Structures are given as structure tokens and as C-alpha cells.
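The two complexes that follow have chain A in common; it is paired with chain B in the first and with chain C in the second.
== the complex of A and B ==
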């Protein structure tokens, strides 16, 4: 058994830029986000809103042409990971912070069996008991509805998309990290498997006392598994708060539009409406004013010139001029 | 457009420490996609959807069974003739990360097939350029932004849209869309679905849609059909609306019951069904393939395998001895 130690994470003023022909452009612009120790936080948001970039930043793993330009990522017990490098950083990744990156389905080595790659991972982190590692891996795969022995013996091309995804999750959990970052962990999965995986993520989270960050474009997944939900748009966190409140009573017009755009299983299919327009890209991101204004039904003059600052009221943080003056009753915990 | 009868596919696994084990990916699947029609496959991971999609697109051959395209059986044809038929069916790949060549810009990726087409049809170079922009606009991305970029510079959703645009470069008569909206954000997903629906209605393109997001099946057309596949067998099929709102096969019910409930907006369906155990693909069953996991099984189910039909007078076809409609999907929590 490992001792329970769920780290808190504080992302402050994080700006990450990518070098493009048009110069360095921000994929994250002064992002602030707190993961309370022991909670499961979800991040949802449009394609290109910077979710994966934020996930990579938690491991200080943003690759060129990208770089963390400013800001800090404080993780309890590790300090500011933005300042770590070399061997320190390598030790943190996998061992202290478990992760599945979005491209995990393809990050397996096509030439080696999953089992060989597991052993490589164990050796690179000086795991003493490799047999126990294999046993743990098999157990995790078994819990996720797979034949562990078959999977460890397989090469990547012999596994279906969903099977590879579960292999990624196994690799994120098998080294007993206390902070786990899962970027789109159930994207290629069917509903039953997804429900199973989400239950396992939640069970392991509680059993081991983890702090977990789940990035997903699927509101349903976020609704099912997270305690707290952050919504990103154009490189900013535009709304953050307890999951049921954000879903049940969204305040930011983007969150409202996003929820309305979910394809519906029953009722009139026209109830669901796409948000007009398209999300900004690095190149089309407005330099000033609110990044959402082009698609916003509540747009005012001030939105064209002033980037709305996140305002925290109780457990909810919202960055919108139109919502800023609304008052909601104060609550117990600080989220922001 | 294309029909399949009794399609089977078995993968032999070699080099196992535990000895070779065969995977029966498809066990006698029948399907029929009409011209301009829409068929959606849903089912658990590993149940054979991608395998079937690849067979339909001519990228994989079946072990037995017959594929007929516009009245022509494929089995009698030589490789080259078969290729000519399958060229009209384009697969949109499940995984936008490996589907695009990382060393080529989006411009190069789209331009190659379009330039070829321009040569074949005697059109100008300018046409190819214009068409590339048109197709990107059609799938909802800014041509000016993506054309000069490499795949790794784009987010997952953008890549997926580029993959769809590329499939459209050859004016296909049928698209096999394997998980192709799953990477696309909710706010744009409806747009892509509307695009597929529009391609059906305007150009008569047939769509074979493979998805885990069952709700999206409703959006590629009201006339669509839904196939539920379990361990390589079709266990229920019928009009999309019917199968979603009144599924009769316990497996379909389990699948629909697992759809996440939007807490705060919805509440769970009244008769949710949970499988009694996890999928164990190693198991060899003589009876119903779902029997081990089915909460409603009887001795009959374990003795004999039910075949697809309208037993019990259901509007949809199913492979179950005890079909009964249940309301399992989440419902709107009215305020």
C-alpha cells in the first residue's frame, strides 16, 4: 500500500506560446487554475482552446515550437515544475505525475509488445520488483475488462483503438503517481467500457488518495466523474466551479452555448443548436477584448476592448463582462 | 449501394506465450446500405466495427460471405476490378493522428489527389486550388489558417476535419466514417453531422457511420438505421429512433444505459440495465453471445444462439429470445 498524499496544484498566470510564421502566439494566456487536493477536476472546451497545452504544462512537457513563457505550476511536494529540468523532470514524469497524453493511442512503440514497453518503463524509473509491476499491470487491465496476458503479449496493431487507450491508462496508473493527468482518456471507447473506465478512475482515485485532472470534450464524461469543472475557451479558463452547478446553471455564455449544442438522445433533434461561428485559432485570436465576443449573444461595447478578468464568487469563477455583476450567494470553499 | 451477407473475419494471433488464440472479429454479419442511405454501427470496443468498416471500404477482405456493390458481387472479380468499385467508397479514419502524413502540409495533402483529378478531368490547376479551399470551408475550418500548416500544428478536431475534407477530394459515393466526430468539439459536432446529412441529401452520398456517441446517430438523418453489434454479431437493428427510444435486446439496453447522465440537466432512465459481469472475450459460447452477462437469461439462452429476426412482433429486428422494450436512456430533468 502507498501512503495517501493528494497534492494540490496551483497554476498561476500561465502563458504558453507557440512559435509560428507570424511570431510567437499564445495558446494559453495568463491561465489560473487550482486543483484542490483529492478532487477530480475536469477541463472541457473547444478544440484548440488549449486543454492539451495546459495538461502538458503540468509536466513541464510543452515541446518546441512551444514554450512556457511565464507563470508557475506549483505542485505540493514538487514545487514549481516550470523551474525543473533534466533528470529531476524525468523522475517527476510517470512516477510523481501519471499521465495519458491525447495521442496515447499512437504513442506505443509499434515494434515492441506492450509488456516489453511496460518493463522499459519500470527500468527507466528504477522499479525494483518488475514482476510485481507486471502483476499490477495485469490487474489494472483486468479491471478494465481486458485479458491482461493477451494485451501484454500484443503489439499495438493487434489492439483495437479502445484497447490501446486502456493500455495508456494502465501505464499512467501503474507507477502509483499521486497526481494523475488524463487527456481525453475515453475518447475512443464505447459507452459500457467508458462507464467501466470512469468507475475505475474514480475508484483508484479514492483508493490511492489522488488528485486527478481529466480533460475531455465530452460533457457527459465530465458530468459523470468530476467534482469540479473548468471550461476553457481561446486559451483562457472562462468558467470554473462545482460540476453540477456549472452544468445545471451555466453562467458564461460560452458554457451555455456548449451545453445547448450537445446532441440529444430524445426529444426534438433541433433543440440542440450548434454555436454560431468557429473557435479562434492562434492566428485569429483577438489581441484585446473578450476572446468569445465574435460568437457571443450578450456582447457589449466593453467586450471589444477589455479582456474580462476572472471573477470569483463563492465556488464559482466566471470571466465575462455580462456576468460579472450578477451576485450569487457566497459558498464555503475557494475554487478559482 | 452495398450489401453484405454472412460476413465473417477471424484474426489469427501468433507468437503467444500462452499459445495462439484466434479472435473472431465478425461472425456472419448481414448489412445493407442504400444509395444515399445512412447506417450507424454501435457496439462495445473490440466488437468488430472497424473491421467491418474496413471490409466495406475494401481495405480488408472477409474470410467468407459476399459483398455486393450496386448489384455486382465482389467475390468473382479480379483485384483490379474490385479496386475500381471500392474507390467510390472512402474511409474516414478513426484516428486523426495517424491518418495524416506528418511530413506534408495540409495544402500538400489535399492538393495531391485534387491535382490528379484535375488532370483526369481536364480541369485547370486553379480549380484544384479553389476546390481545396472550398472543401475546407465546407468542413468548417479556415483555409487560410490550415493550408500552410503541418498536422502536428493543428488541434485534434481540426485534423479530423481535414481528414474528412481529404476523403471528399475524390467525390465519393459513400463515406465510411469511423469515429469521425468523436474528436470534434460539441459546438461543432452538430455542424459536421449536418454536413454528412447534407452530403446525403444533396449529393446522394451514402454514409456508414461508426460511433460510440449514440445520440449523434439521430443527426445524420431521420431515415437512418441503427445496427448494434456485439462480439462480431448484429444483435439488434432497425430505425434509429426506434432502437434508441425502445430497444428490445438486453445488450442494446445495457449499452444505452451506460450513456453518461448530464447531472444537473438530466436524470437516468427508469429501467436501466447493467451487464451482470464484464466482457470476457475469451469465452466460447454456444448459446446467445450475451447470455453470460445478461440479467434476463434463461436456460434456453445458454443452449441455443438466437438469430436476427422480428420475434415477438417487434418493429426492429433483434437476436434475443426474450425481447422487451425498456426505457433506459437518460431523460430531461424538467425544472
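== the complex of A and C ==
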């Protein structure tokens, strides 16, 4: 258990389409994203930007009517999970990649105690020492501030929302998966519980040497725990780089807008400026050109016709026609 | 365990009250059907030259209450009899107790209808799971259509079709009656074989008639559970197929248990059409005949048996539910 192997993840040209009456529409359009081994990467974006679809793709678990049309998701030690299926895929899920469900509050079978579901999990992955598994589970729950023995003996309806969410996190970590995907792990939790859970996620991440992906729409969460941050819009990663740099010096006009829209705890609420307009949905996504142009203050002619390709400079990747003009030479040097 | 006892006593109190209400209503309704055979019997005896008080006593002996008594005294006499488990005497079959008649009819109802119900339940529930899982495929469509079709065809049409096929077009089964009379009743092979032969068509009819309802109910229940978050979560945790299937099936079957328990209670009402078609002397036929003959005591007795059966089935369903669903066990509102 002390052996630590944090896998790197490389998502390449990932296109996920959903079948609709209007034909197959892309929820992800050629997404590329690299998770460095041992880091915590955050993905932020508005609802419908494709965050959860991307997270599910890491387990090759895009739900019908959606499907992965092209692209690859390479995970060190597992290969391209897009090509896995059947038994191979099942063994990867849970054992190699832990997943904390977006609706973690409803992620338990209502008819069985948490303990029995833990045993189902252990048996499904041929865990030899089930007693040790229960011990680990109890310890994890204890660290998250719960009475492990009592929780394992409880049914879902006997636990509060926050408790269920922590049970979901426990189930994702207990098999020692080295890649953990958390889809909005702290949504619907109060601030204190949220802080506790984030602390635990970070502690466990460092202790076990994991590679962690956190999906969130909360910039505060992203700022607090992530090493690197990807911003998604309209099924594309529009900006990706070290968290402090992305938040401190956002380059993509969408990232800049997002950050301006955050109300400060102290200061005038009017300083927070909402981004005008609405994010595109599957149906309203422009077929060509930049998906953000309708809301963009830096819109140019080229934006109407050409979808900007992600350009990587140093550690930062940005997909915007305007950014090349913005970035001044000394700044570029800074990241070179 | 204390909660179970408290639950049970509450159920029993409510059940008894329910039975009393139904008994009273059916007593009043039966008493108000035109053509009062008690009065008829009383008057017939007088016409035959019997003295009024003697005729009254004779009728009272036959029916268990005074024909000339007020409705209230008839009612209290009737309830008094019930409390002592005395259902009274049948009018259309003089000299035979209602309880005896019901008892002998019940055995011809319970086994075939029970068999038919369980058969259709198992078949419908199993196929319903497939119909839901394969609902976008051809097999799922075929199953769902078979369900809708059979659900829409009335019992007696299925009964007549089945009779036509297996007794006329392809005569391999007897057309009616519960058993061939040439065999000695008892535990011997020819008798049992004859019983099974005669029961096959009624059971088949009953199963076909109710299978459609089960498959449709199970299909929609499974489809609902499949959309639940915890199933996707279980899949993402890499649970084995078998485990996943049990998660789905156990959750989906919950709402069907109530329907099953209720239909098991209803089976005491007999299957009137089926029993008529196959000339099967069960409770349904007994009830119809008793209504035709204005046999108050038998009618009342049959209604009572049906009521008690449904009330008991309800209680059983509720207690069973507590066993299979922990949310109910906790005594919560769910």
C-alpha cells in the first residue's frame, strides 16, 4: 500500500457526441488535456460546458445517447481506456480509477447498508482480505469526521447529504485507485463540510501519491486545492495552465470574464460583473468559428469562421485568436 | 421487535374495523335486494298450513335469525353468529353450512388461481427485466407488445381461445370440470394426474390474462431504477454484472410486491369467468350462484371470506415490505 504510482493521463482530440432529433451533436469537440502524474487538476466551467462528460470519458462511461466518437484517453498502466470494454473496463473502474459521482448523495443502493455495499465492491474486485478493506473504510470515514462503524451499519436514508457524499468519497478511495476523479464533490455541502472534505481530498492525494481530477464550478474550490486548472467552454478546453497563473493572469477572455464575475467577500458586490449572454447548449453551438464569440469582448472577423486551435506556450495553453495579440513579449518570456 | 408487535396490533385493529364495516354494508345491501327469500320461506311455510309462530321458528332455525324481527335484531343476531365463527346455513342448499360450502369451493379456487398468479408473476417479472434492459431492441419491443396485447384481451376471451385450441383443434386436455370422477379421490397417481390435467387450462388462462400486467409494471419499474443515480454509480465502481443485476432487480420489484400481495388476497374472490368457462366449482362460481339464488347467508359468507382475505393480504404485504425495504422498517413516513 506504500507503493505509490501516480499515473499520467493524456486526453487527445476527444470528441463526444450526443444523439438528438437534430442529429449527433458534439458535447466535447476535440478536447486535449494532460494530467501530470501526482498533480491535482481542476476543471471549471459553466453548466453544460462538458465538464462531466469529460470526467465520464476517463472511465469510458459516457452514457447513451452519448458516445465517444473519436479520440483517445491514455492512462499510464492502462493504455487507451476508450478501447477497453467488457470485463477489462469493469476491472479498471473502481479499482484503478476511483470516481466520485456528481450526485454522490444518491450514489448508494437504498436497500443495502453501506457496509454490505462495501463488501460488494470488494468482492467485485476480488479483494482477498475483506476485513482489511472494512478496516480501511472505517479509517477513511473516521478521518472525514464520521463514526466509521456506525456509518457502515447504516442505510442511505439514515445518513445526511454530507455524510453520503463522504461515503461516496470513501468508496472511491478505499480500493487504492491511483487516479481519482471527483465530479463536483462538494456541491450541496455547507462551507465547513466543504472545507473539511477538500482538506481530506488533498491530504489523501499527497499521502498516497495520486493523480486527481476535480470538476467544479466553484472557483474558490479550484483555487484552494488544484495545482493546475483547465477552463472549459462549449465542449472545449479554452485555457489550461498552473492554477496560480490561470487565476492570477487569465489570458482567455472567457477566463477573464469568469474571474471578474466572482463576488468578493469584502468589497462592493457591484464590482462583480456577470458575463453577458448565456453559454451555448448542444443545439445552439455554432457549427464553425469560435464558440465564445457571441459573448466575447475581443471578437474579430476571424472568430466567425475559424475555430481557434489551442496554442501552448510553456506551461500554458490557450485557444483564442486574440491572445496572440495580447501577450506581450516579456510576458511570454516569463513562461518560456 | 417491539415495533413489529405495535405495527401488527395496529394493523389488526384497523383490519377488524374494516371487516366490520364491509360486513355491515354487505348485510344492508343484501337485505335490500328485492325478493326476500327469508320472508318467502316464512310465507311458504304458512301457506303450507304451518302456524305463524311455528313457521317463524322453523325459518329462524334455518337462517339463524327471526324473519319477522327488525332489521336491527337480524343484524345483531348475524354479528353474534359471526363472532362465534358461525356463518349460518345455506338457503339454496338446505342443511349445509355456509362454511362447509365455502371450504369445499375454496380448494378449487386457491390452487389454480394461486398457481396462475405465481406463474404469471414469475414470468412477467423476469421478462419485464429483459423488456426494460433491451427496450431499444427488437426483443424488448416484442416482449412489451406481447404484454400490452395480453393485458388488453379480457380473461374470458383468452379462456375461450384456450379452450378452442386445446380441446377442439388440438384435443389434448379436458374441457371442463375439476377432475374425472372415475378416479378415487386421494393421493394416487391417476387422480393427481387428472387433477393436473383439468387444472392446466384454467391456470394457463389465468396466467396469460395477468402476465401482461406484470410484464408492463416490471418493465416500467426497472426502467425507472435504471435511470437512478446509484445504478450508474455502481457501474462506475466496477461492480460485477451479477451484483448490479441484483441491485436493479431488488429495487425494481418493490412496488410489485404490494400488487402481488393484493392479488393473492383477491384470489379468494375466485376467477368468475374462468370458473364459469371451465365449469370449475370454485368461489367465483359459488358467489355467482348464491346471488342468483338469493342465498343471503352464502352471499354474506363469501363476501366476508373475500374481505378477510384482502385485509389479511394487506397486512401481510405491509409486514413483508418492512422486511424487504429498510426505509419502511425504520418506521418512517416512506
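Everything below uses one rule, namely that the second predicted complex is superposed on the first by the 323 of 336 C-alpha atoms of A that agree within 3 Å, B and C clash if a C-alpha of one lies under 4 Å from a C-alpha of the other, contacts with A are read in each partner's own complex, and residues count from 1 in each chain.
Here is the rule we go by: contacts are C-beta pairs under 8 Å (C-beta built on N, C-alpha and C of every residue); 3 or more make two chains touch, one makes a residue touch a chain.
These numbers come from a predicted model, not from an experiment.
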Chain C versus chain B on the shared chain A, clash or fit after superposition: fit
Which superposed partner A:158 touches (first chain B, second chain C, both, neither): both
Per-residue touch tally on chain A - higher for chain B or for chain C: B
Touched partner set for A:149, first chain B, second chain C, both or neither: first
Touching partner for A:281 - first (chain B), second (chain C), both, neither: first
Chain C versus chain B - closest C-alpha approach in the superposed model, Å: 6
Footprint overlap on chain A, where chain B in one structure and chain C in the other make contact: 103, 106, 158
For the chain A and chain C complex, residues of the former touching the latter: 59, 61, 63, 90-95, 99, 101, 103-104, 106-113, 120-121, 123-125, 155, 157-158, 168, 171-172
Residues of chain C touching chain A in the complex: 228-230, 232-241, 243, 247, 250-251, 324-327, 330, 332, 334
Footprint of chain A on chain B - complex, ascending: 11, 13, 15-18, 21, 42-47, 50, 94-95, 97-98, 140-142, 145, 148, 153-158, 179, 182-191, 193-194, 212-216, 218-219, 222, 244-245, 254-256, 258-265, 275, 278-282, 329-332
Residue ranges of chain A touching chain B (in the complex, touch as defined): 18, 20-21, 45-48, 52, 102-103, 105-106, 145, 147, 149-150, 153-154, 158, 160-163, 184, 187-196, 198, 217-221, 223-224, 243-249, 257-259, 261-267, 269, 272-275, 278-279, 281, 283-284
